[in-house]
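Before anything else, here's the structure in question.
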Amino acid sequence: MNTLTDDIPGKKESESLWGKAWYKFRRDRIGMVSLGVVIFFMIIALGVWAGLWGQNWSGIEGPMWAPPSAEHWAGTNIIGQDIFERAIYSTKTAFEVGMVVAILSTILGGLLGALAGYFTNTWVDELILWLMGVLDSIPFYLFVAAIAYSLQGYAYSMHVAMIATFWTTTARLVRGEVIKLKNFEFVEAARAIGLPQRLIIFRHITPNTFHILLVQATIVFVGAIKSEVILSFLGLGVVDGVSWGLMIAESTQEVQAGHYSNFITASVFLFILVMAFNMFSDSLQDALDPKKVSA
Amino acid sequence: MTQPLLSVKDLVIEFSTQRGIVRAIDGVSFDIMPGETLGLVGESGCGKSVTSLAILGLIPSPPGRIISGSIRLDGRELVGLPESEYRHIRGKEISMIFQEPMTALNPVFTIATQMTDVIMRHQGMTRKQARERAIEMLSLVGIPSPGKRIDEYPHQMSGGMRQRVMIAMALSCNPKLLLADEPTTALDVTTQAQVLEQMVKLQDEFDTSVVLVTHDLGVVAQTCSRAVVMYAGRVAEQAPIHPLFNHPQHPYTEGLLKSIPRIREQKLDELPTIPGTVPDLLHLPSGCRFVDRCYRADDACHQREPDLQWHNDQAVACFHPVGEAS
Amino acid sequence: MSDLLEVRNLKKYFPIKGGFFRHTVGHLKAVDDVSFSIPKGHTFGLVGESGCGKSTLGRAILRLHEPTGGEIHLDGTDISRLNSRELVAHRREMQIIFQDPYASLSPRRTVMQTLLEPMEIHGIGNPASRKEKVLELLDIVGMRPNVLHRYPHEFSGGQRQRIGIARALTLDPKFIVADEAVSALDVSVQSQVLNLIARLQRELGISFLFISHDLAVVQHISHEIGVMYLGKLVEVASSTDLYRKPLHPYTKALLSAIPVPDPDSKTRRTILQGDVPSPLNPPSGCPFRTRCPEAMDICARSMPALKTVGEGNNGLPHQVACHLY
Amino acid sequence: MEMLQYALRKFITGIPLIIGVTLISFLLMVYFGPDKTYELVGKNPTPEQIQEVRHQLGYDQPFVTRYLEYLKELVTFDFGYSDSTGERVNSILARTVPISLALIIPGFVLGNLLGIALALIAAYHRGRWWDKFIMGGSVVGMSVSFLIVIIAFQVIFSSNDGLGWFPVRGWNVYDFWDYLRYVTVPTLATVFVALGYNTRFYRAVIVEEMGRDHVRTAKAFGTPPGELLFKHILKNAMIPIITRIMFSIPLVVISGSLLLESYFGIPGVGLVTYDAITTGDQPILKAVVGITAVLFVVVLILNDIFYKLVDPRVSLK
Amino acid sequence: TDGPDTTGMKIYRHSLNGSPSSLDPAQSATLYANHVVVNVYDTLYAYKYLARPYQIKPNLAVALPEVSDDGLTYTIRIKQGVEFIDDPAFPDGKGREVTAADFVYSLKRHFDPKTRSQGSWFWAGRIKGMDAWKKAGSDYDKDVEGLKALDRYTIQIILNKPFPQLIHTLTQGYAAIVPREAVEYYGREFSVHPVGSGPFKLQRFDSVGVVLVRNPNYRKEPIDLAFEGYDEAIHGKYGIKEIDGKIPPLVDRLEIHFIKQSLSRWNSFTKGDEIQYAGIPKELLDDVLAQKQPEIILKPEYAKKYFMTSGYENGFVHTDFNMRDPEIGYNDDPQREKMNHALRCAIRYAYNWDDRNKKFYNEMGFIFPGIIPPVVPEYDPDASRETLRHDPEKARQLLQQAGWTADKLPTLTYGGVASVDSRQMFEQFRGWLMKIGYPREKVVFDSYASFGDFNRAVKKAKIKIVGMGWGLDYPDAENTLQLFYGPNGSPGSNNANFDDPEYNRLYEKTSVMQQSPERTRLYRRMNQIVLDSCVTISGLSRQQIFLWHKDVVSFPDQSIVGGFHLKFVDVKEAQK
């Protein structure tokens, strides 16, 4: 009497949504190339971190403003430091800033966004919305400056400030998505079996916002790197070490005097990474778009 | 013999998706006579909407593409017609009503704006004349105090009313052909009955041909004169309404008819079913598309796809039609 | 025959916020004073137009919505008075199957995780026995074990609906609410699922509250049917009685509006005029009077109570709320 | 009337936001901000003198007193005198805000208008060559740092090494012609950078809108492409567009553009604000933060009212 | 265009690389503020336009002060008939006459806490009765014994002990004469509404510049070039001669643009008439100059268009060790204190003055040992240059001898305001230290986003190594020697917190002495004490180059006081 079948159509490719997304992503040529570039930069950063290269960014090696040569690929800066070496080391700084800010602000945004979305119309939501509104309306520079002062000399003050301001966008997106999701029947089903709210939120709802978080993290990553450039220019940025922002800040006076090396090297590094990351982020978004995944 | 108003011949439509090329319509042919109501039935995903969109030249492209076949309206070929010319056919000669009354109307314009725009465009009237015409149409579809309601926004109306507005709008330019893509699926039974009745009445009045797309055989039985049963992108059976319901020839039609829950004097212990599910268009079985679910299938069915065979005015795509010894 | 579920004067009002300080200015009476009971092993069908409060009623019984008033007795316990901890324990006894096969399964959890979760939460059995139970359930709903590690999106609507049913069964409930469980399915699949539900009920003796807007479906599966209109039950009768001898004008209209898949059918159709009134400001007296072809003066003045007007062939009373009777 | 009542209620509910913003900012300023004292003491101060300056600045008052004082200032709209120049804060703002607005508005307007125009073109040709070209361009625009653009544009357009068409810096504006001369290069830089983000955002909005059912309906009734795009799609897309534009207004009005002002030597409010931040000029900061917060709440209200104007479904309740 | 109604006006457009925040004389701590203050207010004395070394001349005063024999009582007479500009602050809107009481009031203001004076340290503890007056509540109606107007035009100052530099302090912006009416009328906004009796009056002031216009009622005193120190050999080529006998101010409108970015400033300067005066950005020096040493010569294409002068600044840059920090300065443990001394000296040997000069001062700075810069008469050209020697080998040796190893070395915090330059200077410094084996992680840049915060850290003695610059207020080495006087320790001006008994004693002794060979000898002895203690790495006086358009008649100077030359600036053509 049981005439039911369970032929699953089209199950060849992969089992999970992530698998599908990866499958889709792999076919996106621009996405793959940009991912390649990002990975290349990441390897550079890891190498610096592991001490393989880019170590001699602070030593005074050459003369002032030496032109590019076999010894100094991108020449030297005013105090005789090797520009290429500094640009390489800055890759690490950029990833450090980007990673720390992206990961932490995504976690914070995801968490608070989920709570706000799940508890809409309660004080929890009101409170979180209030906090977001407040943080969004404080001028960014005041915030960064204040935190930079409050954590004087602490190497991560810039990071803290960026996290504190960047998480709100993520949280708003996640909140919207969670509001949508919590009206789905599977949430009600979870309640019907007596699942505690904590598990409903974190086991059933938040996993469905991971695609947003992932894409948002890449966007924040780029935002962090770009903000670092401006903050460093204003003297609120990286405390120790060197970054592209600092290099550009150093070079702003030199450019019109015809010393382009510092400016170009840092700008090109920055531009390529940011561009690759933007394109990667776009492709990732396409690949993870649930509308498109289920097609 | 009269000329068909619309004639669809060997239509093939493909969609390119991430997973591969989907042939959503694979050699569909049917004719519509003037004044006739043709039902287009079949389960979800069998290609009903795509077919009707193709007639209006609205297949989203990309990803969709008409690969081959022809669609003729009054003898005029529509496939490959440039947009600028197609525009003058849409709304004027062929109109369409969509399934979702909630979203098919533009939420930010009043009913008046949306209707008069259409009428002015196709009938060359002034806005004032167009407005009068629109009010007249609204009262025809049974909207109370149309002069007032015409200035409302869609969200201020109920689903049934919106659907009636759609019908009024669709008929306002006296089209020759009305495509109705599941016009009542989203409505309650009582509202559905109201809307359908209204539609039939107006169709008589305007002498319009109608293609009624639906998955509800009950609706077809009560409104259509002829029906096309589709299965997975192909026509399974095509017949006037009486033979179709009384003597279905395709096993799929037969199964479909049987498995519809209906109010019965004597309750059945178990409803008859068609086993299995509709195949994925990307992974069709070889041979007949219905072969996996067919109780009459044999080797031949696994090897070849049956073509549509005409017997009088009834056509079926099956090697072993019901009624033949299997 | 004893009643497994007894609902008395159940009410569910949603507050309407408004005014300067967004305080409650009124109530939307989604379920207004509804009473009925379901014997063990029976199916109670609930029909009515969209928005009339069917789902709200189902959910209020399971306390997925907190009821505004009334009592719900399930197997002797008053569900409406349980505190949240006791409620969790009682959730084992009542479950729900949802309408939307796409939205009702957690998209990022495998079938296995979905089916194991209820037992884990309630601490039933050990991992091995749970697994066994899951396999058994899959067999009951007619799926093969190789689906266990797949995700919902890899299944068709009918298959998902079966997984949903299996989930509802994991805790061996006595009572299940099936909220439009087959409405979203294609006809050919709909009957498969309906057969499955009917079989489960026969074999496991579970009581069902079967919600649908499709009278034909309800008639097929239910022992007894309630017709709802604007938050109120307007007619309750055994399924055969209701079809043979509908009393309430609304039920009549509903029945005649069903499109019959038979071109020769000659039923006279009662086409209702007008639209369902908004539950935000329901008409005075009988809520149906605005569309009722047989409305009388009294209908505007008083709301008719649900009263028994006779007994059907299988011993179930026929109740109707109409001034005509 | 309904509008007015709504606005009033919204404003009242906005008060916690204003309190939050001012409280947190003020906390940051007072406890974590720079200490103005040490800018004001001379080269060879004594501890007593330092104490005197702190007293003059009110730093020795308890926090609560100072915060209440701040709220009073906000309500009376009188923020006292700058701790640096001694000028009235109100007259500083009255002097600098118009300049910042004059500086920013052309770029802001052009950036948004061009963004929408390009987005329409890209969305209309979705998936085709034009779309790819515009979107490629916008990724490039998004990837270049504003700082780099400013430096490059100044060298290219203004300096004698480049084209030398415009003044290098300054804001000597007495007539419209002056204004054009001074505003062009900053505007070009702003537009260049904003265009990337705007185009992308607006395209996404428009594409989403194009996929809606009612657009298909309009097409099915023979609506010509222009009308479809500009009437049906654009009006529906207005909500996210308005939101984006509205919410950038408070920051533009009050924060100006620090980078532009400092690079082009323009005496706008951005520079004043930034200097106030880094030197801890609290009266100015209090004014800027307070006004920003109030503006935010106003924008919130205006935004809802615009919604209402654009979309009849939105009710103000 | 320069706004409405400038046709026919003579306009001079000056530029500065920074901006003043306040125009209140009591707060005119910066060069930038002085540029405006001395041009809108009068001071009793001023420096002569052209005479170098600087010479003081009477300005509002009639003559140099009469000083009593004990050096304690000064009597100064001022000119009659000088009037403040018309201003609503005065009862009838008409400017009234400047009197001796105005000077008394102006100086008393410094001792009123409400004034937030930054210059009171010049006179603190020196004027008889002033401290008591302040303690009693700074009531202007009460008299101060040491500061009185004897009559309408006579001022008397009585000192507690001799203060030979007093007359210099009276040339400063701090000592400018303000009317009490204006101070009271404008209150806090007095700082942006200057009301003075100087050659110009203020028209506009914001963060990017000031506009001053001629004060039509300025006293008519024709220029006597010979008196101002004109020397044909030096000044002849600039065409200054033609202003002889003219009555200042010579221009109708004086604009001072504040431009921090040096390249921006340069582009503006070379563009045309946007600004008519600028320095040369260090990045462009090689492009603009044909020769740097020994004489600075412009390339012909620039020489054609611009005039140039140059000179050493009245001040110097140095790097101090914070002696209050036990890890590098004084320590209770004498052994450790010795080690710290060695460490400081080693760092001084690691310091490469030539490199610094080359990279940050265009190889044009003047390097000298100690704290007496070349612009003061006490400078010793024959002093030993050992302490300026860059010798990493010696440094390493010193460290080794004192028992320092890489892991024992303390972490050095090098403080600075976050700016590209200070950061690069730090990196250069760290580079040198790394060369003597100092681990990179142990040399840390302590950056502060504002001068105020940096200053706070310095005044609280929190930073180990501080890079500093000192601009002389007046050309007397006393002004730099006080930087190492023990009682001036933080929060005072002695940032190194140097506290040496002998030095302190000598300072106290010399501070009351008039200039003499004996005083010079003692000054040099004090210099030696500082050098021997290795408390500072010092010093370098920066070369300054000034460029101006050839249609401007000027001899710029911004070393001392700042801007006092502007009233003598003339332009050849009026605005068309």
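Labels A, B, C, D and E are assigned to the chains in the order they are written; within every chain, residues are numbered from 1.
Heads up, the rule we're going with is that contacts are C-beta pairs under 8 Å (C-beta built on N, C-alpha and C of every residue); 3 or more make two chains touch, one makes a residue touch a chain.
Chains and their UniProt names: A, D = Peptide/nickel transporter permease protein; B = ABC-type dipeptide transporter; C = Peptide/nickel transporter ATP-binding protein.
Computed from a predicted model, the values in this text were never measured in an experiment.
Asker: Sort out for me whether A-D or B-D is joined by the greater number of C-beta contact pairs.
Answerer: If we tally the contacting C-beta pairs, A-D comes out ahead.
Asker: Starting from the Cα centroid of chain C, hunt down the chain whose centroid lies farthest away.
Answerer: So the chain farthest away from chain C turns out to be E.
Asker: With chain centres taken as the means of their Cα atoms, state the distance from chain B to chain E in Å.
Answerer: The computed centroid separation for chain B versus chain E comes out at 90 Å.
Asker: In angstrom, rounded to a whole number, how far apart do the mean CA points of chain D and chain E lie?
Answerer: Using C-alpha averages as centres, the distance is 39 Å.
Asker: From the mean C-alpha coordinate of chain A to that of chain B, what's the distance rounded to whole Å?
Answerer: Here the centre of chain B sits 49 Å away from the centre of chain A.
Asker: Using Cα averages as centroids, what's the distance between chain B and chain C in whole Å?
Answerer: Centre-to-centre distance between chain B and chain C: 32 Å.
Asker: Can you list the chain D residues in contact with two or more other chains?
Answerer: 34, 159, 278
Asker: Enumerate the residues of chain C that touch no fewer than two other chains.
Answerer: 156, 159, 192
Asker: Find every residue in chain B that makes contact with two or more other chains and list them.
Answerer: Within chain B, the residues that touch at least two other chains are 273, 275, 277.
Asker: Which stretch or stretches of chain A touch chain D in the complex?
Answerer: Its residues touching chain D are 130-131, 133-134, 136-143, 145-147, 149-150, 226, 229-230, 233-234, 248, 252, 255-256, 263, 267, 270-271, 274-275, 278-279, 282.
Asker: What residues of chain A sit close enough to touch chain C in their complex?
Answerer: Result: residues 2-4, 6, 8-9, 11, 15-17, 184-186, 188-195, 199, 203-204, 207-208, 210, 293-294 of chain A touch chain C.
Asker: Spell out the residues on chain D that touch chain E in their complex, using ranges where they run on.
Answerer: 34-47, 49-50, 52-53, 55-56, 80-81, 84-88, 95-96, 154, 158-160, 164, 167-172, 174-175, 178, 262-263, 265-267, 271-272, 275, 278-280
Asker: Considering only the defined contacts, which chain D positions touch chain B in the complex?
Answerer: Residues 127, 212-214, 216-225, 227, 232, 235-236, 310-313.
Asker: Give every residue of chain C touching chain A within the complex, in rising order.
Answerer: On the chain C side, the touching residues are 59, 62, 64, 87-89, 91-92, 94-96, 98-100, 103-109, 117-118, 121-122, 141-144, 146-147, 149-151, 153-156, 159, 162, 164, 167, 170-171, 192, 196.
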